[in-house]
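Multiple structures are listed underneath, in structure tokens.
The following pair of complexes shares a single chain, chain A, combined with chain B in the former and chain C in the latter.
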Partner chain A sequence: MRNNDRFGERSHIDDELSGSDVERDEEEQVWLPTGQSADPAQSLRIGVYICRCGGNISDVVDVERVADTVRLIPGVTTAKVHTFVCSDPGQHMISNDILEENLDRVVVASCTPFLHEQTFRGAVARSGMNPYLYEHVNIREQASWAHKHDPEGATAKAIRMIAGAVGKLRYAQPLEQIKLPNHRRALVIGGGIAGMKAATDLAARGIKVLLVETEQKLGGRLNYLGRVYPSESAAAELVTELAQRVQQDPNIEVLLGWKITAVSGFIGNFKVMAEPVDASTSSLPGVHATVGAIIMATGFRPYVPRDGEFLYRSEPCVVTLPEFVQLMRNVSPDAKTLAYKQQKIRNIGFLHCVGSRQLDGVHEPGPDGRLNTYCSRTCCTAILQQALAVRKRFPQIGVFDFHQDIRTYGRGQENYYTDASRAGVVFFRYNGEEPPTVQVTPSSRAKNGALSVVVKDALTWGRELEVDVDMVVLGTGMMPGQIEDLIEQMKLATGDDGFLQEVHPKLRPVEVAVNGVLLAGTAQGPMNISETLAAAGAAAVKAAAMFAREDVELNPYVAEVDQSLCCGEAECVTQCAYEGALKMVEMEVDGELVQRAQVNAGLCVGCGACVAVCPHRAIDLNGWRLDQFEAMVEGIAADIPGRSCESELVTIH
Partner chain B sequence: MTDLFVPKILVLATEKCAYPGADAVGKAHQEYPSNVYILRVPSPVLFPEDFYLGCYGKGIDGILIAACGSDCPYHGAYDRLAARIDKLTSRMNASGLDIERIRLTAICTVCIKAFLKEIALMSDNLYRLGPVNRMLAEQLRSESVERLQASSCAPRLVPALQGGL
Partner chain C sequence: MNTHVSSDFTPDAVIIGGGIAGLQSALDLADQDLQVLLVERQSSIGGHMIALSKVYPTLDCASCITTPKMSAAAHHPNITILTNTEVEGLDTRDGVHHVRLLQKPTYVNFDKCIGCRLCEYACDTEYPDPFEEGLGAVRAIAVPFTNAIPQKAVLNAEACGTCGTCARVCPTEAIEYDQQPRRLTVRTDAVVVASGFNLNAVTVKPQYNAHRSHNIISPLMLERLLAPHGPYGRVLRPSDGKMPSSIAFVQCAGSRDESIGVSYCSRVCCMYAIKQAMLLSGALPLADITLYYMDIRAFGKGYEQFFQNAKAMGINFVRGKVARIDPVEDGDLSLHVETTEDAEDPLQERRHDMVVLAQGMIPGWQPADSTPVACASDGFVATPALTAPTATTAPGIFVAGTAAGPKDIVDTIAEAGAAAMQVSQYLYQKRSSVLVA
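Our next item is the complex of A and B:
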């Protein structure tokens, strides 16, 4: 009772705040969140289904009490509990009720919407209900599992969240998926291994492909590699084989030495423009094309050390890993020794993590102020592959490896580490905060001045060691490709690392927030060739699945303007970051020509930036309307009938 | 009275980051108070100032905007959101509504610790501050709506202006 004063006070405020909006009938224990007394929604027939999840929910949440309580919410005509609502019998129960009890809205309170929202939307749709009149409440991940030791609280929370969902459904409108014509042709940007793989996979399904590569040759970075791990096949053979398939395929049109200069439009309907990279040597005009999907196979660019970083560019025998790969590729088959810039190489030091896994305060940020905090994932195995190759080809050369960790993950890759150890590669391990340094030491035998690597070696209990070498190979990693123009034009999202960002790393790994744009390979982040090919294959399949339909179907979660409320102030248009998604158009209202906002549903991504600024609430986001959010908050904040204030205990008589 | 007060915390969690982040907390069977209510939103950028003030008016004591931060999948939305919250916070500050009642933060899909830390922080703040002044919030909310509408022009002004220019 001590607490009732405060809640008494609150009720008083309630009345004062909302006047007649708040209606409470204590005697009948009918519970009306504000504003709904005159709402036609009162005639709704809402079914609420609460899942026990085989005990996962019902061991904590008193599901029966939840059902008994939410049944008191006006509009809720049915509230039932089931052990597994997602099971066939569970879904059947919903379908039956929709037909027999004429339900027109359905709520399921169960696990996270990411698991079964689609399941239940499908279930209600099969019974003839609009799938967007369905609402999902998460009482497992966000109630029973998170409040295990507070069953009363979890039960009250479940009730409030369901009340919120019911409130949201009061304002829900039936929505239709957006249908747009689908142009059955894909643009692949980048002719490296990812682009070639995606192009051939799509072409094999009979889909026309336009492949645009800025270089004069297909193959991308693979053109600069020697042998590829773990198969040890020659990169050149891989390129030749794929490039031949690309060039012989009648479905693939290849533009070499061309770049994409303009992209507009939306899924199924992108308008792109390609132009020769070097306009001075080419008199060819730009090409316009309409494509349905765009595959970003733009790749990466290798990290180039700063001048003087580990003495790079100040000492000739400090080279990057790609430069060393070139050197090994060019060694003549009968060479007995390895030499570089007149320097005979007797000892080589390989440094890991150059330009990767950088730490604030230890490393200098790049020109854009960014540190490459990520692991480039391919360098460890690539370094050990080269180290092993050196030991095999020139057994007299000493090889020293300086790493903070060895990340030779994946099938067949760990062997490079064991083989390198057996072949006599000497390993040193440094702490990431104290990277090794490269020094010049006076030496009579070296033409260019001998080098040494100084390292605090964790493998010998932090002892500082100095290792004399003739050559230092910097294990440089990957950097995001230079595609700022495309990112800007296509409104693509990038991660903290600057690589293109997928919608979800696990559930939607090759899609981006812009519908119809897919990621293939290292444009998305460091990957090795196998991973790149897997990603490219996935992107091709995603695009092919999209092309399987006559029309493109989009979720209806886009902004919509209520023309009866819009008065043409264009505030919303100033907030929209997506060109063409929201614009002012001229139309006739009451015999007068006026400007009104209009949404292009194909271009709108549904971020809602426009919604907040409209003075008339004329623009709203379908499926996520502001009044729906307000109703949810009301449902959550409203008092629960019969509740004891102290413990949020719910008692129904 | 304060020791009996249980604040209501609203979390506006982005569909791409913070909402799955909150799921991750539950999946890891980590616990936080049950008076935390999580709403899934595409991006909180869609909320006008009056929405937040309206939440306080309805009895929500604290709002945690759990966004995607620099991982935001929508172009420019996070910066816009941050600017909007900035504006709201200074307004709250000037009008005597404690700004600790609102917080903008980024929670990723696996940020379990960050989520729990933010909840604990908000919770501590709210127990210290006590219940929100709903009347003040409601008054600010109506002012916000009025301001928004005051900037509005008559429907015919736009074409006329264009003609004049």
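Our next item is the complex of A and C:
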């Protein structure tokens, strides 16, 4: 008999675990949930797969012992260990067992579900099993990594976590994804280069796009640039090319000078409202639209130095890089000299990392209390491009560059550095902890320039140097765009840097936690133009793939009302925080018209607030039912063969 | 997994290269219901990425990120995968690309092989394992590595002693010693070049003397040493198996150097060296780790913070160019370095017992030799279109990832998505104009 065989094995394991020989009769109680009278799953065949993660797990957790122990849980018919369960052979092993051993439930104990829950749901589905009869247990982040120095405890914890998942699975029911119609139209927020690229990419694929831009003009930040590196073509050309394609494409509808003021709904079915930015000059009514996907191409804003930061706004010739770009753009073709605010410019100092790579204790936080600890990625090359342009256009002007590291990383960018060196740009290097300062030059010495940059220069072994210049250009970086309203409306996440946060930089780099919302360009973080174009294409392709389907499929973890138990007290509706997710409807019961709660599966997020308040337990959450929670707790708290739960409380730290 | 291709198979797109760029492009096209043929010259898809230990800045294990994409591609009904297959050339006639493929013999019939590895266990001939960067050994007939796709044995004819054991133990009679190369031409409307990169040789700078010491290693070797499932299961230096106690990273050892013809920045070396330094300090808590650099280029999202964390962990960052490396007694290495830190003594000699050279990225394939795709002066595929960074000089042929210049995984994945978008709109435009005409 199978059970006897397994219990036979168990005493061997008991010896290993505790050294004591426990009576079998006692053991038989061990794994059985005590709180529930009727276990619906006596005849289940559950497969448990434990991943070594190439050593990430098995270097700490004794995975063989985990397998040997969980194999004893009633209902578990298979427990196996594999080096990478997520690999093809690992998935194949599961598929095979489902078919050959007639498994009807599967648990994989591996890394975070964030990485591989979908992988394994897919694997079991391919073998014909309902994907929601699968449970994922994270014994890497939560056991081997968290308890690296306590292998015994980590192993015990892994066993208990799996036992909990098995318990939950005993009460699991097959679920189907919720299918809803997909509105084959995308909203692109932002008409800069990212937004225009994403819009034209989708439109050229035959997908309708609504493009909303707050400015009166397409092009975004590119409208303020001169030439773009490394092609040295005019930014205006790029804007014109894309803007023409946007305006000529019948699939794209453009709203200039409009903003998005309301967003609701879900993937495939977002309801958005657009209104003119300046309501005082426009009598146009707001526009409602239904879109299937939203592409966030909201861009960045340049860092603006605080008053007095490097003498900005206190000395006229301290300017930001964007201001300097404007100055250079406006130089007349026959100008022999460069002048700014009546000052002839003979020497210029360029400062890198203004508003970027800020350090705690060195820099002053911004008004929001935040330091820009990140690198803005584009400024090094942009500065060198300007430095080189100055040297070429006005060879008599001395150009001095103050940097921590020169980050000309991209294709064609290193040339700016070598060319600038060859063109006579003089480089100084400072340590991030000791940034240079800008001072007004003492009048006795002012003939070389009214300003001086004081720097502890690493290239001359830390000597303090004063470099006199007429103008200081602050290499200002990028800041997150001001889209607090949208972030709030759409419940988007931002990172420590304030930029919009992707789900995972490699697995889902342009997606956010809200399904159907995609990131394009510098809304996500600093990027240069070609990187922005690529990111916009990557966002567009995700939208295009989504629109290749007739329906959108949503997770089935939504509330469901048992109409036979609902008494129409509406406490759940009062608790529900998601508009329209739960409402009272009139229906006929036994010839009487009564009020009953009803869930809108598209709007329900499965938070469970309604479940907690229902006095009749008439509402429950699919996939996370109360009986499943109870079984999970039973499983976790059960006595492991040979070891009571209480004894473990000491072991698990 | 679809692995069969007949000459009348006309996929919507052919992807050249099954690394992370090719996989991502293939998935993004297949998810739009387009038929994709993915061609890989190695015995497994996964490219360089599957052999890495962990990846910055999240420190996820590389296998954990790569295997799901490999597996998703292998199981996708719209993706056909040919491994051990090279592109011999490509001609475009009337807008249709004729891709000439060479399927190299594996001496194993993939239809019959069940991946049981009995042949591998029985084989008694070994050669340096390319997956382990030569640090371990692999049997002459073997499944390429644990999480390889496909899980099929491949026989290395150069290593094989032709003893016949594998054929005798194979339960499915899959071994075919007389297998011949097979040529076939596939017609398609669109192509993505995702042929990746190689590293230039560790010996590229003669003054580093890499040919004179086993302890001057490549960063890919260190990736294997650091991988939990690597050749030794821990970090040992190759010459004598000693646990290194002082490790040097020499940056820009094959890039930013006009003397070796690679004047560009390889873009990933700063970050992987920082990552490797962090992982090393975890694996060898007592070791001294020093990174010699010109500029730290931690430019991506979360990278600067990663760099600052490494500094806080006690990794030594020394700004200085290493001029020369000499092997000295006990397998150790002497580095001559000019630092910018000590005015009294800028020219220093420093001893380490293992040195990692940050080699430069160079193109993995030269498409210009056999296809209409032009390369730029840096040797990588040229991308002249301003608003379409993945378009090549040839209509209908696109490029993704490091085939178009050094790039890290994050940027590669974004670009692969962009290339897939270009392909799908190219196909849509081409086909709707045919319909109109």
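Definition applied: the second predicted complex is superposed on the first by the 397 of 653 C-alpha atoms of A that agree within 3 Å, B and C clash if a C-alpha of one lies under 4 Å from a C-alpha of the other, contacts with A are read in each partner's own complex, and residues count from 1 in each chain.
Basically, a residue touches a chain if its C-beta (ideal position, glycine included) is under 8 Å from a C-beta of that chain, and two chains touch if they have at least 3 such contacts.
Every value quoted in this text rests on a predicted model; they were computed, and no experiment measured them.
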First, second, both or neither for A:408, with chain B first and chain C second: second
Partner chain in contact with A:491 - chain B first, chain C second, else both or neither: first
Contacts of A:157 with chain B and chain C, given as first, second, both or neither: first
Touched partner set for A:429, first chain B, second chain C, both or neither: second
First, second, both or neither for A:91, with chain B first and chain C second: second
Chain B versus chain C as contact partner of A:357, first or second or both or neither: second
First (chain B), second (chain C), both or neither touched by A:505: both
Those residues of chain A which chain B touches in one complex and chain C touches in the other: 495-496, 504-505
Of chain A, residues touching chain C in the complex: 53-56, 59, 83-84, 86-92, 111, 115-116, 118-119, 122, 126, 197, 201, 204-206, 231, 233, 237-238, 241-242, 357, 359, 373-375, 377, 405-415, 418, 429, 458-463, 495-497, 499, 504-507, 509-510, 524-526, 530-531, 533-542, 544-545, 548
Parts of chain B lying in touch with chain A, wherever the complex brings them together: 1, 4-6, 8, 10, 16, 20, 22-23, 25-27, 29-35, 37-43, 45-49, 51, 54-55, 57-60, 70-77, 80, 84, 109, 131, 134-135, 138, 148-149, 151-156, 158-159, 162
Chain C - residues contacting chain A, complex: 28, 31-33, 55, 57-58, 60-61, 63-65, 67-68, 70-72, 74-75, 115, 146-147, 149-151, 227-229, 233, 256, 263-265, 267, 295-305, 308, 319, 340-343, 346, 378, 380, 386-390, 404-406, 409-411, 413-422, 424-425, 428-429, 432
Chain A residues within the chain B interface of the complex: 2-3, 5-6, 10, 13, 16-17, 34, 112-114, 138, 140-143, 145-150, 153-154, 156-157, 160-161, 164, 491, 493, 495-496, 501, 503-505, 512-513, 557, 567-571, 575, 577-578, 589, 592-595, 605-609, 611-613, 615-616, 621, 624, 626, 629-630, 632-634, 636-637, 646, 648
